[in-house]
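Presented sequentially are two complexes of subunit A, the first with subunit B as partner and the second with subunit C.
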Partner chain A sequence: MMINNQDVIKFLEKAAGKIKENKEFLTQLDSAIGDGDHGINMDRGFSKIMSSIDTLRDKDIGTILRTCSMALISTVGGASGPLYGTAFLYASKSLNGKFEIDMNELLEALKAALEGIQMRGKATEGEKTMIDAIAPALRAFEEKLKSGGTPVEILEATVAAAKKGVENTVPMKATKGRASYLGDRSIGHQDPGATSSYLIFEAMLETLKEKV
Partner chain B sequence: MKKIINKPEDVVKESVEGLGLAWSEIVKVNYEPMFVYRADAPVNNKVAIISGGGSGHEPMHAGFVGYGMLDAACPGEVFTSPTPDQMYEAAKKVHGGAGILFIVKNYSGDVMNFEMAADMLKAEGIDVENVIIDDDVAVKDSLYTQGRRGVGTTVLAEKICGAAAEKGYDLKKLAELCKKVNGWGRSMGMALTPCTVPAAGKPTFELAEDEMEIGIGIHGEPGRERMKIKSADEITEMLAEAIIEDLPFKEGDEVLAFVNSMGGTPEIELYIVYRKLYKILESKGIKIARKLVGRYITSLEMQGVSITLLKLDDELKELWDAPVKTPALRWGI
Partner chain C sequence: MMVGLVIVSHSQKLAEGVVELAKQMTLGENVPIIPAGGLENGEIGTSFDKIMDAINKVYSEDGVLVLMDLGSAVMTTQTCLEFLPPEIQSKVLLCNAPLVEGSIAAASAAAQGFSIEKVKEIAEKVNTSKVQQDFPEETIKYSENAIAIDVKLINPTGLHARPASLFVQVASKFKSEIKVQNITAKKAPADAKSIMDMAVNGTGEKGDVIRIIAEGEDAEEALKELKELVESGFGELEKGENVNLERNEILTEEHSNKLVKNDIRETTMKGSFRGTPIYPGYVVAPVWVYERRPSKILEKKKEKFITFEELLEAIKEVSDETRIIKEKLEKESNSKVAAIFDFHEMILNDQKIKDDVKNLVENGMSADKAFAKVVDSWIDKLEKQSFDLMKERTKDLEDIKNRVLTALFKEGKKIISPNVKSILLIDELLPSETALLDKENIIGIATAYGGTTSHAAIIARMLGIPSIVGLGPKILKIPNGTIVALNSVDGVLLVNPNVKIKDEFEKKDKLLKLKEKELINKAEEPSKTKDGYRIEVFANVGKVEEVEEIHKYGAEGIGLLRTEFLYVGKKEAPTEEEQYNNYLSVSQTMGKKPVVIRTLDIGGDKPLEYVSLDKEANPFLGVRAIRLYKKYPELFKTQVKAILRANQGNIKLMLPMIASIDEVRWAKEIINECKSELSSKGIKFNQKIEVGIMIEIPSAAIMSEILAKEVDFFSIGTNDLTQYTLAVDRGNKNLKYLFDSLEPSILRLVKLTVDNAHKYGRLVSVCGEVASEKEAIPILVGLGVDELSMNPRMIPYAKGLIRTLEYSQLQKLALKVLELENASQVREFISKNCNL
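The block that comes next holds the complex of A and B.
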């Protein structure tokens, strides 16, 4: 099964919907250990993407993702704006001019996205950030891909690993970002950035499930 | 939530619009993307200084745009850092050919967004120096966190560097000066009440009627300790001691003492704090050579106070005294 530009549009619509549905929840998570604006900011960014989605329908996947990147960078603000913006920008690099990609190409793009996030945020796994959802998710993706899973199975494993990753942030002590000021008091709270990353993987899975 | 606003999503835009209308002889406003800039920009052959950050800390930063201070300020949403396109477009507007100094408070969002803007400008051949302010002594274990937050010293750095840019300091020298101010400035704040971000509608944290938070950050981030409320003298002592021992400030030092309201604390209380601070410093042989008392770096309507001490030498004193003309700081002109 190939993923085409229409699937990417559908994925973005689903992701925007999930962020909107969880706006209050993300903001609530962020109030506990950050500055209480993650849901509001992410929703502003994805709403901006949605406002121009019709102009993207006939574009190649690289262009779609690059346009999303610019929308996120220029509207989200905070740390999430540069981090998600850089992720989409790095993901777009290997997909320029492509209207269809396979699961290998998707993995490469996701790996590039993670690399972008690490470059911009200078964080590694275990610091209670979105990386704690994304890194294990991509390992699960790669494993399932190598063992010959179907695209839906691959993304199911990815989402499950991301979910586990989010849960693992609860007992972690934050050492990056605004939650780090809390020190031990950050322990016991779920990381909002890891949670929004999980929602985005879920949107990918749902898109592929509908396609089958 | 009780606030004098129209719609939560219009708060920043409408406030900046009002600032532009009130001070049209000093500043102009650009809306897409949003930044406030000197009405006479660009000033040729002067290093342009740009700062910015989340809104909700007024008058910082837009209130400090004008002669002898900032060339432009980029306001983000409330407590959310501005985006790179704002700094990029602001820099293009105010660049006078001598480079750009970004003064950035040490919050991960601000640091990343300013870095992205600097990358974009450097790609076009514009010289940019990024100086980070991280003066909040409340943050312990700063090696294992994002590091200390940028607070009160930011205001002083913007004034002092602004004066130096007017005097003709080049970009490299100006960045060195900014780092010196950051190195010599120390702050700590406290809060009696939380504040409410308009778009969130609820207080950012909770504090019981008889409690206070010592070492609070300017977005309501927790500080060192939550405790029962104490007298003004005891509060001042706690803040001052933490600051003095950190640098440390020593007998014979000359300092600028800055007593700041977090937004909701009135001037009558600020001067009670200043009075005690004066006595503490006097008893240690530290001389207040310059002072600033008022509401300059705030957290919306939060009640609380912060103290900043900046060690001074002749260069810093001269630059502090130099003329400045901005909506929020004006003298000598």
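The block that comes next holds the complex of A and C.
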């Protein structure tokens, strides 16, 4: 099964919807250990994407993602702006001019996105950041892909791993970002960034499920 | 050459403010500085577009240095950089310096025409230690020849008055320049030879690490000796004086808690004042009102110009006098009190004060006014210190000021003596006055103002003069010679008391001295009766801050954590997060020891802004506690969720005001709902939590057999149980004679509750006032109560009492007590049989 530009648009719409739905929740999570604006910021970014989504419907996947990247970078206003913005930007690089991609190409794009986040935020796994959801998710993706899983199975494994990753952030002590100022007091809270990453993976899975 | 600057911040106002500040440093040069703060709409955040714009505007061939606050500001700026064309990108540098300090340094460097690399370097090397603004000259430069050493403060009082003065004394012996910097508190370095600088900048608490820096020919010896001084605990540890002092404080504060009960029988006496007891005792004597009037003297002679030399003479006189007082005290082997006057002497000899005064005098100010002004400015600085002990030191300065001014105008100071044995009545005791007291004749002290940690209080305690502070300004109106009874156990001063009171006070005073010895420092040990029966003693806690200190009183857990403090006096209900953080910190502080959290117990008597209740004729019989949750389920759920999440395995949840089993079932359903809501959100928490109830309504005690099947534990709230059983409002002054938790009716309900609980293997605690009452403890233990929970300060006392009792005997006594007719018979019976 191939993923085309219309699927990417659908994915973005779903992701925007999920972020909006969970705006309060994300903000609540962020209030505990950050500056309490993650939900609001992410929603602002994705709403901006949605406002120009119609102009993107006939564009190639690389252009769509690059446009999203710029929207996120310029409107989010918090750390998640440059982080997700860089993620989308890096993901777009290998997809320029493409209207259709397969699961291998998707994995490569996602890996590039993770690389971008790590380059920007200088965080590694175990520091209570979005990387704690994304990195294990991509490992599950790759494993399922190699063992011959269907696209839906692959993304199901990805989402499950991301969820586990989110849960694992609870006992972690933050050493990056605003939460690191809290030191030990950051322990016991779920990381908002990891949670929003998980929601985005969920949007991917739901898009594919509907297609099948 | 002119480098451009961009100031990036989450806040538009901050960025603009920093630009404003930085521009002051440009000495008229037109350095391009542009703020890029906040989002486009002015909200908090960082804007890619604003940063891009700013960089483009200030850009020139000379380059752009960007200063940022934190987090997304840094990341967004980095992202901007990547979007710039390579030829521009190479000339835009990001600065690693803190925003405010860095911007100021960079602006100044840019104005001087340095290259972009040099401006960046200067900004990043900026000194970020926040020096007291009053002392810009104190910005320390560690020279190459200086040597330094780090030492930890181990003495209980830290680096304050006496230790600080000792430190200055020792430091002053050396020729080297010596500075002290509190590393832990991240303070600015203080001049180790100036007591005032030490008092403001050089203070430290026990456990702080201080750095001693010395430069000069004898620097090594200086460090060695100062290190030894700090490590010896400034002599506080060897003598064990401080341990005694602390025990003394516990003793008196514990006595003050007993006041509440004794007072029930005493408030009918007329003309009584209440204050904070300092040194316990019972004294009946006439009052002697002491007045001082240095300010009036000043008024009279204000025309005369006082020279600096005249002032120096007065200072010398006071200094000599101080030495005499000190020697007198030392002879009386009061070395600790004497040391306080070392501090005075040092202030009197402080070069900095003298220099400042001299300066003012040279500018035409009379020396007395200059001295007052300089000392006042120090008082002002000390008052701004967050540490209370430091604020108390302002009294020393006030004292010194008065004494110097008095000496200056030749109004000599006399020993404070009333000629006959009296109770001194005074607005507030200044340290020197306390020391000048005629101990023969002053047998009690009552002050209108002051707290437990003031010098005066410490000294009064040391001198062993029964005293009460903070009785209020009205006491000053008591005429000289009026007979008063000073009860500094309970903190009560009775004016014109009953004639019989003198004998009673004498007896009580004798007993008191004996009892003090009983209160041995065995709080930490578990409490077992003589025949080995173990009773756990817990603390009642009403605020998170109190948790830290309950360990020292020997609490084996928290038997009642009241949560009302989170709710009362707020505009909005506390959020789940706020509550969670509070509970978590308690849970963590207590480690493995149990913490029983009582959910909100509030009703119409204490209205909350965010809860609207109808006006009730009888709020205590109205919508209160669990009855309120039914009306505001979200309020309850938020609290339950916070408790569930905070539970580290040691938290138990307790429901107040249970009248029937239906309420328990309803609450448990809600608790289960909360659990599944948390689970569905993927939030981790401990599924297991014990749920117990307060037994404070008679119906709950009567139905305890049914309730025991439904809950994990009981806690008997004797205050409300008494109120509801006897139908007596606790606050009604006219009915105080009826209110007694040792009424056999109450005790029978306690027995019923305990028996029913034990039938189902449930534990019972008692958490009302009565749990710490000496007549009640033997009965409660005898009735089989498993745990007692009380005001933490009463714990050592309760444990001490339990250790003298015999369980097998108590069981029999308790049963006999239930057959008695009323509370007074119960009290008499127990006093007699337990030798209380």
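One rule holds in what follows: the second predicted complex is superposed on the first by the 212 of 212 C-alpha atoms of A that agree within 3 Å, B and C clash if a C-alpha of one lies under 4 Å from a C-alpha of the other, contacts with A are read in each partner's own complex, and residues count from 1 in each chain.
As a working rule, a residue touches a chain if its C-beta (ideal position, glycine included) is under 8 Å from a C-beta of that chain, and two chains touch if they have at least 3 such contacts.
The model shown is predicted, which means the values in this text are computed figures rather than measured ones.
**Q** Given the superposition on subunit A, are subunit B and subunit C in a clash or a fit?
**A** The answer is clash.
**Q** Using the superposition on chain A described above, determine whether A:Asn22 touches subunit B (first), subunit C (second), both, or neither.
**A** A:Asn22: touches no partner chain.
**Q** Mind working out whether A:Thr175 is in touch with subunit B, subunit C, both or neither, as first, second, both or neither?
**A** Touch partner of A:Thr175: subunit B, not subunit C.
**Q** Touching A:Thr207, do we find subunit B (first), subunit C (second), both, or neither?
**A** Neither partner.
**Q** So in the superposed three-chain picture, is A:Val166 touching just subunit B, just subunit C, both, or none of them (first/second/both/neither)?
**A** Only subunit C is touched by A:Val166; subunit B is not.
**Q** Taking the superposition on A as described, I'd like to know which of subunit B and subunit C A:Ser92 touches: first, second, both or neither.
**A** After superposition on chain A, A:Ser92 lies in contact with neither partner.
**Q** Mind working out whether A:Thr158 is in touch with subunit B, subunit C, both or neither, as first, second, both or neither?
**A** After superposing on A, A:Thr158 lies clear of both subunit B and subunit C.
**Q** Given the touch rule stated above, what does A:Gln190 touch, subunit B (first), subunit C (second), both, or neither?
**A** A:Gln190: touches subunit C, not subunit B.
**Q** With both complexes superposed on chain A, which partner does A:Asn5 reach: first (subunit B), second (subunit C), both or neither?
**A** neither
**Q** On the A-aligned overlay, A:Gly121 touches which partner chain: subunit B = first, subunit C = second, or both, or neither?
**A** In the superposition, A:Gly121 contacts both subunit B and subunit C.
**Q** Which one hits subunit C, of these parts of subunit B: 189-197, 207-215 or 243-251?
**A** 243-251
**Q** Both subunit B and subunit C contact which residues of subunit A?
**A** Of subunit A, residues 31, 35, 37, 41, 73-74, 76-83, 86, 120-121, 177-178, 185 contact subunit B in one complex and subunit C in the other.
**Q** Along subunit A, where are the residues that touch subunit C in the complex?
**A** The contact residues of subunit A facing subunit C are 25, 28, 31-32, 35, 37, 41, 73-74, 76-83, 85-86, 120-121, 163, 166-167, 170-171, 177-178, 185, 188, 190.
**Q** Given the complex with subunit B, which residues does subunit A contribute to the contact?
**A** Contacts found on subunit A: 27, 31, 35-37, 40-41, 44, 73-83, 86, 120-121, 174-178, 180-183, 185.
**Q** Would you tell me which residues of subunit B are touching subunit A in their complex?
**A** 33, 54, 76-85, 107-109, 112-113, 115-116, 139-141, 144-146, 149, 197, 199-200, 202, 204-205, 217, 219-222
**Q** Quick check: in the complex, which residue numbers of subunit C touch subunit A?
**A** 10, 39, 43-49, 70-72, 75-76, 78-79, 575, 577, 580-581, 584, 645, 681-684
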